[in-house]
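One structure is given below, represented as structure tokens, and several questions about it will come after.
Think of it as A, B, C, D, E, F, G and H in the order they're written, each chain with its own count starting at 1.
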Amino acid sequence: MEEYIPLLLTKYNYWVYITLMMIGLWAMIAKNNLVKKIVGMNIFQTAIILFYVSIGAKYGGTIPIIQHGPGHGHGAAQIKALAYINPLPHVLMLTAIVVSVATLGVALALVIKIHRRHRTLEEDEILEQLRES
Amino acid sequence: MIWQIDLAVLLLVVICAVGALAVKDLMGAAILFGAYSFLMCILWAVMGAVDVAFTEASVGAGVSTVFFVAAVFRTSRRTKD
Amino acid sequence: MKALALAIVVLVGGLLVSATVDFPDWADPNSPASRHVSPRYIEKTMEETSVPNIVTAVLADYRGYDTMFETAVVFTAGVACFLLLRRREPRPGPSRVYRHRATGVIVEMNRVPDKEPSPDVFKRIDDDWTPHDLIVMNVCRLLIPFIQLFALYVIAHGHHSPGGGFQGGVILGASVILMALSWDLRTAMLRMKETATGLMSAMGVFIYAGVGALALALGGNFLDYAALSPLLRVDPVAARSLGIFFVEVGVGLAVMATMVLIYKNLASEGRLDQGL
Amino acid sequence: MNLVVIIILGLGLVFFAGGAVGILRFPDFYSRLHPAGKMDTLGSFLMLGALALYHLHPFTLDNVLVAIKIMLIVVFYFLASPTATHAIVDAGIRAGQSAWQKPKQGAGS
Amino acid sequence: MSEQYPALIVITPLLAALLVSAAGWLRPRLCFPLALAGLGAAAAAATGLLVQVLATGPVTYRLGGWEPPWGIAYYVDNLNAVVAALVAWVALFNLVASYRAVMTDYPEKIGPYYTLYVLAVTGMLGMVVTGDAFNLYVLLEITSLTGYALIGLGGGRAPLASLNYLFLGTIGASFYLLGVGYLYIVTGSLNMADLAKLLTPLYGSLALLAAFAITLVGLWMKMAFFPLHAWLPNAYGFAPAPTASLLAPLMTKVMVYVMIRIMISVFTVEFVLQEVLVGQLVVWLAVAAMVAGALFALGQRDLKRMLAYIVVAEVGYMVGGAWLGNRLGMTGAVLHLINDAVMTFCVFLAAGCIYQKTRGTSFEDLRGLFKKMPWTMAALAAGAMAIIGVPPTGGFFSKWYLIRGGLEAGHWGFVGALLFSSLINVVLFFRVFEIAFFEPSGGDDSHGGHGGHEEHGGAVALAEAPLSMLLPLMAAALGLIALGLATGPLVQKLILPIIPAGLG
Amino acid sequence: MLHSITPLLAVLASLAAVPFIILLKGRPNAREAVTFIAAGIKLILVASLLPAVLAGGEVEFTLAKVLPGAPLALRVDAFGLLFALVSSSLWIVTSAYSIGYMRGLDEHSQTRYFCFFAVALSATIGVAFSANLFTMYLFYEMLSLATYPLVTHHQDAEARSSGRKYLFYIMGASIALALPAMIITYQQTGTLAFSPTGILAGKVSPVMAGVLLFMFVFGFAKAGIIPVHSWLPAAMVAPTPVSALLHAVAVVKVGVFSILRIITGIYGVDLLKGLDLGMAVAWVAAFTIIVASLIALSQDGLKRRLAFSTIGQLSYIVLGLALLSPKGMTGGALHIAMHAFGKITLFMCAGAIFVATGKKNISQMTGIGKRMPWTMAAFLVGSLSVIGLPPTGGFISKWYLALGCLQAGSVALLVVLLVSSLLNAAYFLPIVYRAYFKPPVEAAWAEGRNEGPAAAWVPPLVTAACSLVLFFYPQPFLRLAQMAVAQLFGG
Amino acid sequence: MDKIFLYASLILCLIMVLSLYRALFGPSVLDRLIGVNAIGSKTTVLLVLVGLLFHRVDMFVDIALAYALLNFVAVLAAARYFQKRGGLGR
Amino acid sequence: MQKPPTPQERYQAEAQVISGQIRPVKRFYAFLFVFPTLMALWVVLSGRFDAFHLILGVISCALVSFLSGDLLFPHAPHPRQTFRLWWRFPLYVPWLLYQIFLANLHLLYLTFHPRMLQLIDPHMVRFRSTLKSEMALLTFANSITLTPGTITVRVSPDGDFVVHAIDRFSGEALPGEMEKRVARTFGED
């Protein structure tokens, strides 16, 4: 038991991301309502973003925008890598957020299209309708 | 890195996520999902990911909530789970 | 289904949890992720691109190719929504349009009543139809120009502060959405026509890819902004900075137009007549 | 100077807390909007004002501009918050949200 | 210009997509020529790249001029080059074939349709040539998004199928992203070549294993590998015909390519063979995929859905071959990837032709087609032969290598399943042919349109698909035979050089 | 060893006719002229290879190197040429007959019929000329598929079920048994080329060799060994020319020829002898012979009786090969030719009767000799040939087979041969007797000769004549067979 | 001073929990909307506070401003929904 | 003082504004007023004074004021009125802030009062304001929302107000002093 405590304390971000991700995954699989599934999907994607951003975090680092440096390359004499948070995960996650909003748009469009035809958003009811026809 | 806020917000985020999925009303889910995005935005800011926070603020809090509302507006609010 | 879902969730969760044990501690400055590639970004960005915001520099230059496709993804989503939802056929069933004389509100009735409704019926219809909300309308009217300026500021200052094309574009799009929310969709559409949105979203991505292709045409690799320096008459470092700026503008344009396009189609179910 | 900032900050927090408690305690939707709409506005005004004040400390142009920016948020907030409140209450009325009536004499709640 | 091929291969279709989109708003008439030009240029560039790679060896292209671990780089070797050329050409042919179908079905949405079409191809081409793990994710998403939209466009159940695809596809892509994140957290790099170097000392780490597992599961979801295949039959079965004949041949194949790329270029075969102890299990899953795909296909009463289930089985072939753990299996997998793209294209395009004429692909709609559409049916037969594995079509040879791989690995289950699924394929296709051959065309029912079916002797009015569909179809059918005859050089020159030495 | 493109041209000659046939679908005369021309060219091409092969050489052509060790290659040796000669010469006759038959019955879809006929011929010659197992498999499958539309030509329910059975047996066996056997062979040896000494020797364990052999023998189901024979009677729903050429000559002979190739080219006589597998196959064949003959006795449908007869006769060939004695193998190879000429005559006669009278069953043919004397004469000659009585070619091959049995030292098999010949006589001669010596059942038949279209009854007479000629002049078939066997036994 | 800001932030988080209660359990959807709106206003302040804790407040102000803007848009959209569709059912 | 526009005219004017059909002359006026305002905002936001950013600022402000400037001034801006507003409005704000502060204290008291339910009495108040211009109405309405226990529920263009008040005390104070101050600010007294 003892050895798990530091594990818990040093990596809680990761635990939370896993929790969120599992919540999202569970919603995507088990929920019956299509919009709920989409909410779950977004939570799922956000969890991954959380994971990536957590990778980038750095104790003692400041945000990845270089201070006092409007001058073209001369102002900042010595930029220490340790002083700044790892910017790469942020870049990647910007892309991921964009992708998730794009997916959201398409998913909602599809939901509207489904509703137009079936007049319901409950998956089991839709399947029922399809089985009848 | 401000781990205290980080921890507190993480807790809120999980609660919010569960809430958004548990609510028996799609508008409620959309609204709570908006709250979830707010909190995520703080989380990114706390972890120093300002650009991600900015994006989340504009996308999650604003546009995707509006999209959700619009979609629910055009479909139905009813949900069984 | 629920049991299956639970099983899958537990399985995946277990896998992820077990793998986490091998991770470096959270926020450890000496983790591999912080030692291998990123230090170069942090240390060299300033001298190579003269952009203080490392994220912007990496986003639009070092990994600019990703970002180009990210923009293309947004564009895709816009086109996809249009493709899926847009309908040109009129609303089914007979309908009749009335104008409320007091406020000028237009009411569209799907089921045609037998006889002309009396003026106070109009009044009632007006009450629970699109509200002519003075407060919201005027506040939004006042806010929209400032929001737009702020959005442009965000796009323009992506080099020095957080922000950039994407965020600015979303805010710009939000300003148009706000317009559609506070008035109605049709009047907002008069200001920003559907064709214009469609063209702008394509143009935004085109600016991005075009800058890259221009670099290619000038003898550099694709997206190598330094190759633009002869054209812009500046040194390569400044050319990179400028290239990033152009690209951000493209991103902003595409994102703005796409957000508006998606909203319009979602909110009106593709008919572009009545929104939220 | 710092003390002033801390006091204003504390005051803002008090209002915020009041708003939150108000949202919890008030009996119906309409009355809940009162603390939500007003106290949050004032709370953020106070807190942001305090922070702007604090940020003025090394009195340079940059800092002043940043302080003005912070105050811009406040200005925006003063414009947007009542509008949002109004929109919500209007929505509530149109949606037919039932209101809490003060019980007649003797009936507790 | 030749050193710019890798960039051109992706940006020409991208720019073309944008122009098509603009034309869609202004001059819809121009959409198709623009798309054709863009994809034609991409196909030319892909071919040029293939020639170049064959002549000079692998090509690295630095986007933005940055060194690989820092910037994004393309790494193109034989495998990429050939898959890219395949994707570009198949897409081009299908584009030609789609002209009439789109004109009749979606006359108002030509612009967006072709925009998404070309973007989908862009994404696939990008996925194939990229050498950066994260870039692959972005491109994957672009392809998926276009895929969702193009599938959801179909009528009936298509939107629901597409939404399910979207959910599973998003889970898959996110898993892939997560796997890349795991790799990043333990190495700090995203470049595939760099990753391969950095991962070597980490073998045995649990995180690495998890990364591998998650990445693979994600990719399997996207390629509809057996237990995760649920989205595919509906999505491809209900998709509009031109979409189905674009995505069904290419999407799964590209994903298989990505899996092979991840297996041999990122994790290296040593890791896959020695550290991952579930290789046998995966092959058994592949066996299950083949058997299940074949059996499910038996239960279908619609040509496109049947073909979709066959795709599920085919994915089993390729994954199983790649996981057999020997050179022959891997060769078979890669060869089958190439062949399968063409043969799936052929059969789906034939189904598209049939749909174009009969407005349906259920078995009832197929009656009497051998008389009405002899050329289409001939091409369908050619595709069917390839899928069954009749020489000299390409399908035979890839099966040949796969079976040999299975024999060498001593995996009798795999061999048996391959043969079993071939037999079922015989049954499947001849059932279709029987209907089309024996049952007189329904002149009396509503959607035939071509009345007058004479039992004997008389000529039933020929109702062949338009030439713009028929020519690509014929090209595909002939391509199958050409691929079969070219198997020798294909294996010797293209595939064997890229099989890593570590494979037994 | 000669390299020449002639074998390829011989294979492609009929395939090249297909586009013309399709193009000329509107003009039947021109269409059938194309068929004839192609058949003639094909025969000439095949015959042109004869001198080289008779001189002891082999002609080779490699089309494409598709698999290492197993290119797509053609090679003409004595066995192959023998088979090719038989098929291509009979194609001409059958083409003529087809025209008579098809036009006589005014069949539908004649263009399709001639197309696939041509394709089937190509595949047959391809099998004959294959240089390795892979190429052979390719043409074998091509033949299976090309004959499917022919078998199901009538497009009715019966054709459908027969077609299903046909495919199930032929494709099923080849994919499930022959293909894996081939791949295992390749896996073990790295090559598939036929070699006179076999390629499997020393590469596989005895058990494996046995298993593989049976996979091959049953995998090439066209040979009709029981229990994979039942497609053959079913396939008799096809138009008679199809039955005639394909099910007396091309398809079934391709099956047997494939087994011949397996035994001689893949295993080699020495290996089979060493493992004592020859006898096992021989007994399977013997069993088939007896059983098929017994079944044939009980059939009333003429074509069905012929079909079961074919099953039995095919097993003669297999038996001869499996004896692994020079004489036996010569007999087996020779029987390919002899049986072909005999059986095609019989089938054509059956077809001619059907065209002229519409009768299918033997019991309805009582007294038909009055009506169709020439046809029945041809039938008699064919029967004699199949039974193996002089003065027909069938006698020669059976003679060699009998000698082979003795040479192999197996008197039991000789007995089987003789018994089966008796059975053959028992099911053929009554037909002839019935036709000539019983009063006609239908009044119209008594009026005299009326044999229907000449194109339907002349070809059987020609082939019957050939059968007779072959008794007196069995060259070049005998020569080819002997040469081939001599090569096998290191001569 | 940083300590003060930190505690202020934590208190804000606590207050957010209170608002979240309304958002989660608010009997009607509009109650949830109020709760979420309240969280939004706190978030704005929290963002600026975080900026001060990082000593880079100029970078965070933009986010806070954008955030306030878009929160407004979102709330307005939700309100619009209820204005048109009503609060109950459907 | 010209005649206030009827609601219908007002709506049509708004529709023109939003659809961008306003006359060019008006646009130009609007531009003149809007551009400096926006530029000032830009400078505050930007905080950079190098040429590059200033040029960008000019471009952005010109763009925004060209595209959306007419939104700020739907009716042709009247210079005198506008300038009056400029110096009157800042006077109004401190008073408003003070009121807000008081109101909040009152609410705070209510909130933490143990027997809160007996103190409050939510009800609707209706009254008609004398204010004319829309901006004045807007300011008044928002001020009501921000101050003592009242929320504007609905405003009609004619000045009909529906206000929700939390208790009797708050409700009775309307329209009261605030309306006068707003009127003075907008020059409508």
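In this section, a residue touches a chain if its C-beta (ideal position, glycine included) is under 8 Å from a C-beta of that chain, and two chains touch if they have at least 3 such contacts.
What you see is a predicted model, and the numbers here were worked out from it, not measured in a lab.
Participant: Which chains lie in contact with each of subunit B and subunit C?
Facilitator: A, G
Participant: If each step moves to a chain the current one touches, what is the fewest number of steps from subunit A to subunit H?
Facilitator: 2
Participant: What is the chain whose Cα centre is as far as it gets from that of subunit B?
Facilitator: Computed centres place F farthest from subunit B.
Participant: Farthest from subunit G by Cα centre, which chain is it? Let me know.
Facilitator: Comparing chain centres, F lies farthest from subunit G.
Participant: I'd like the most central chain, judged by C-alpha centroids against the all-protein C-alpha centroid.
Facilitator: It is chain E that sits nearest the middle.
Participant: Which of the two pairs, E-F or D-H, is linked by more C-beta contacts?
Facilitator: When the contacts at E-F and D-H are counted, D-H has more.
Participant: On a C-alpha centroid basis, what's the spacing between subunit C and subunit D, in Å?
Facilitator: Computed from C-alpha means, the inter-chain centre distance equals 30 Å.
Participant: Centroid of subunit B to centroid of subunit D, CA atoms only: how many Å?
Facilitator: Centres of subunit B and subunit D (C-alpha means) sit 21 Å apart.
Participant: For subunit E, which residues are shared contacts with two or more other chains?
Facilitator: Each of 134, 138, 141, 145, 148-149, 152, 159, 178, 184-185, 190 in subunit E touches at least two other chains.
Participant: Note the residues in subunit C that touch 2 or more other chains, in rising order.
Facilitator: Residues 16, 20-21, 23, 27, 31, 33-34, 37-38, 41, 53, 55, 59, 63, 66, 70, 73, 76-77, 80-81, 84, 131, 133, 135-136, 139-140, 142-143, 146, 150, 154, 157, 160-163, 166-167, 170-171, 174, 177, 181, 262, 266, 269, 276 of subunit C touch two or more partner chains.
Participant: Which subunit F residues sit where two or more other chains touch them?
Facilitator: none
Participant: Going by the touch rule stated at the top, which chains touch which?
Facilitator: Per the contact definition above, the touching pairs are A-B, A-C, A-E, A-G, B-C, B-G, C-D, C-E, C-G, C-H, D-G, D-H, E-F.
Participant: Considering the complex alone, what residue numbers of subunit B touch subunit G?
Facilitator: My answer: residues 2, 4-5, 8-9, 12, 15-16, 19, 23, 25, 27-28, 30-32, 34-35, 38-39, 41-42, 45-46, 48, 50, 53-54, 57-58, 61-63, 65-66, 69-70, 72-73, 76-78.
Participant: Considering the complex alone, what residue numbers of subunit H touch subunit C?
Facilitator: Result: residues 7-8, 11-12, 14-15, 17-21, 34, 38, 41-42, 45-46, 48, 53, 56-57, 60-61, 63-65, 67-69, 71-72, 74, 134-135, 137-138, 141-142, 152, 154-157 of subunit H touch subunit C.
Participant: Within the complex, which stretch of subunit E touches subunit C?
Facilitator: 4, 7, 11, 14-15, 17-19, 21-22, 24-26, 61-66, 69-72, 108-109, 112-113, 115-116, 119, 122-123, 126, 132, 134-135, 138-139, 141-142, 145-146, 148-150, 152-153, 159, 178, 182, 184-190, 198, 205-211, 213-214
Participant: Which residues of subunit C touch subunit E once you look at their complex with the stated criterion?
Facilitator: Touching subunit E from subunit C are residues 15-16, 18-24, 31-38, 40-41, 61-66, 68-70, 72-73, 75-77, 79-84, 86, 88, 195, 198-199, 201-203, 205-206, 209-210, 212-213, 216, 220-227.
Participant: Which of the residues in subunit D end up touching subunit G in this complex?
Facilitator: Interface residues on subunit D, with respect to subunit G: 2, 6, 9, 12-13, 16-17, 19-21, 23-24, 29, 32-33, 36, 40-41, 43-44, 47-48, 51, 54-55, 62, 66, 69-70, 72-73, 76-77, 80-81, 83-84, 87-88, 90-92, 94-97.
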